[in-house]
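Below is one structure. I have some questions about it.
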Amino acid sequence: MFSLTIRDHMMIAHSLRGEVFGPAQRLHGATYVVDATFRRATLDADGVVVDIGRATEVLRSVLGELGYRNLDEEEGLAGTNTTTEALARVIADRLAERAGAGELGDGARELDGLVVTLHESHVAWASYERAL
Amino acid sequence: MFSLTIRDHMMIAHSLRGEVFGPAQRLHGATYVVDATFRRATLDADGVVVDIGRATEVLRSVLGELGYRNLDEEEGLAGTNTTTEALARVIADRLAERAGAGELGDGARELDGLVVTLHESHVAWASYERAL
Amino acid sequence: MFSLTIRDHMMIAHSLRGEVFGPAQRLHGATYVVDATFRRATLDADGVVVDIGRATEVLRSVLGELGYRNLDEEEGLAGTNTTTEALARVIADRLAERAGAGELGDGARELDGLVVTLHESHVAWASYERAL
Amino acid sequence: MFSLTIRDHMMIAHSLRGEVFGPAQRLHGATYVVDATFRRATLDADGVVVDIGRATEVLRSVLGELGYRNLDEEEGLAGTNTTTEALARVIADRLAERAGAGELGDGARELDGLVVTLHESHVAWASYERAL
Amino acid sequence: MFSLTIRDHMMIAHSLRGEVFGPAQRLHGATYVVDATFRRATLDADGVVVDIGRATEVLRSVLGELGYRNLDEEEGLAGTNTTTEALARVIADRLAERAGAGELGDGARELDGLVVTLHESHVAWASYERAL
Amino acid sequence: MFSLTIRDHMMIAHSLRGEVFGPAQRLHGATYVVDATFRRATLDADGVVVDIGRATEVLRSVLGELGYRNLDEEEGLAGTNTTTEALARVIADRLAERAGAGELGDGARELDGLVVTLHESHVAWASYERAL
């Protein structure tokens, strides 16, 4: 099994609902350093998992929909507690949708799976892994 | 599948038994930067894998039982060659025991698995992965 | 010249004033991984630059005044554009004040200087350096 | 499941064939920081996944066959587009061959699998995972 | 004193002249992860050391002149042994020239100095520091 | 001013004397990831700060005198509280002595200074800087 990972980041504001979050129930924010991993069993004709240029643009675009925003006021996230875990899934699902729509190229339809990891600090990170 | 990882560290002295270890058969020591990864298929009602506050406290407590000690003289480790691999298992098993005892909260009973990684330097690390 | 550095982090929301900031003029946030470096020409009687336990507590306390907050609404920062550079100075100045008040111990009065670095992502960080 | 990872690096020149590579079709180069992960279900009699000393030497030797070279002119790679993904497989396969030949010691015949990750920059890396 | 650092990278081929370089006398290559640090005593009216957007573009442009190339054949580097140290200076001098030409904005004329660090691997890096 | 930094590591046991050290007064240990930085105003005839091959060997040799040992029992360190800060100086002074003895080559006599940084964990490190 092969995989390719690219890294980018986004900076957002949000608050978390639930006593378990303590002071993080207040409006605060985070830099998420985002690693997107693409997996497939065999390489394409060019010898790659996915076109790294396209993948970088698509990840940039997905993060651009969330970054420099207060996620508490984003319609698409209404009803979502935007924890690091939940955001990893949002980003993975949006990348999967883009892959399905052909934005990663035709070869990307051979991708087997996807992992998105969000690093919220030097001591905590969360991932969501899904099939494609 | 979701995962959450938290990082902490411990500093210990020990010696390793076996010719394969060369100079590491002498009493020496290590800083282990410890990553504990918790896995589950779905998020809990708060939208998290596990309460990160409780997980941090429990990891701190487990590492506190080992840190700032000469592991050659720890009763609980008698007969164990305290290699990085073996210590990863000791820590994972102790975290699993704590999770089973409810120290990570009721929701943590839904956890599927656990990975513990010990970084012994910038060029070597070892992991132990187990189900919960 | 000796130095000791400790690392911690804080997560804040804010917005930046000025066209140069583009989308960062919107309310968003950041994780700042914070490195505080203490400098002195000679070590104290214990052989250290500063008591690392006390320094860790003082840094934690200073970051606790800022973290999990919307800095746009903090009185102490009124009129400050809370750029990474400006926050590095705020933190350094507050650490210097604490050192002056004896919170780092008597020996810390021998400190020559202080550097505070705030990492806002994996590709950008800012520092402020001052004498003590 | 246990794993042990060691890190080393190599510096090579090459060019990539295919329009998808844009400017990387020109002769250029890369530092690959290489992580080799060895996996097995149980530890050997010494309490390790593999003798880290031998593993380090074998990885060094495999990287020595590729490093400080122009891969476009290496016979063993004729017909291979030496992408990061493809090189991860070349290195994994060569490590597997060495393990099979006993260079990692007799105990290494118990290894279950191998992952090789090549970091080509701070924002991109690729892996190849295989059974042993 | 304030500083702002941004990180980018470039991938090049080259060979080094001199017996001291051993196998690196052969044509090979490197990824250089490049940190550019801008220093000034006071912040500008926006509260920054330099417009990070402009600085990122200028660094990208300077690295674009070198990246994905065989430096042995670059006219601008004729007669230069393109060691990590020497390339750090080339990049710093080109950034200084751009700053002088106003590409970093008028405020950037207040910059006091510049440091460029090139990381050639996880175990070696070199810097060049100069006044502006 | 140019600088070149190389990284290596050592693993030691020790105990620290003084109430300020709390549990670190017990016999424990540490991995120190060691960065040695060599500085000079101009490059040598080969275009480098120092022969990186020789510097790597000399650093390895200096660390070999300390590593895999219980520093409490080392004669050369009698009377030294082997804090991270103090060990940074020991290593810097030994590197300086080797440089003076010609082990880094004749050109190394042009070195202006030296910085040694010891990383004791992901959240703490100490440095000692001296002239040559």
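Letters A, B, C, D, E and F name the chains as they come in the text, with residue numbers starting at 1 for each one.
Please note the rule applied: a contact is a pair of C-beta atoms (placed from the backbone, for glycine too) under 8 Å apart; a residue touches a chain by one contact, two chains touch by 3 or more.
All of these numbers come straight from a predicted model, not from anything done at the bench.
Colleague: Where does the A-C interface recur among B-D, B-F or C-F, taking recurrence as more than half of the contact pairs being identical by residue number?
Modeller: Of the listed options, the interface copy of A-C is B-F.
Colleague: Degrees of rotation, nearest 5, to put the Cα trace of chain C on chain F?
Modeller: Best-fit rotation on C-alpha atoms: 120 degrees.
Colleague: Measure off the straight-line distance from the CA centroid of chain A to the CA centroid of chain F, and report it in whole Å.
Modeller: 41
Colleague: Using mean CA coordinates as chain centres, what's the gap between chain A and chain B in Å?
Modeller: From the centre of chain A to the centre of chain B is 27 Å.
Colleague: Could you tell me which residues belong to chain A and also touch two or more other chains?
Modeller: Within chain A, the residues that touch at least two other chains are 7, 122-123.
Colleague: Contact residues on chain A for chain C in the complex?
Modeller: 7, 9, 11-14, 23-24, 26-33, 67-70, 120-123
Colleague: Under the stated contact criterion, what part of chain A meets chain D in this complex?
Modeller: The touching residues are 1-8, 43, 45-49, 51-53.
Colleague: Sort out for me which residues of chain B touch chain D in the complex.
Modeller: Touching chain D: residues 17-18, 20-22, 80-86, 88-89, 122-130 of chain B.
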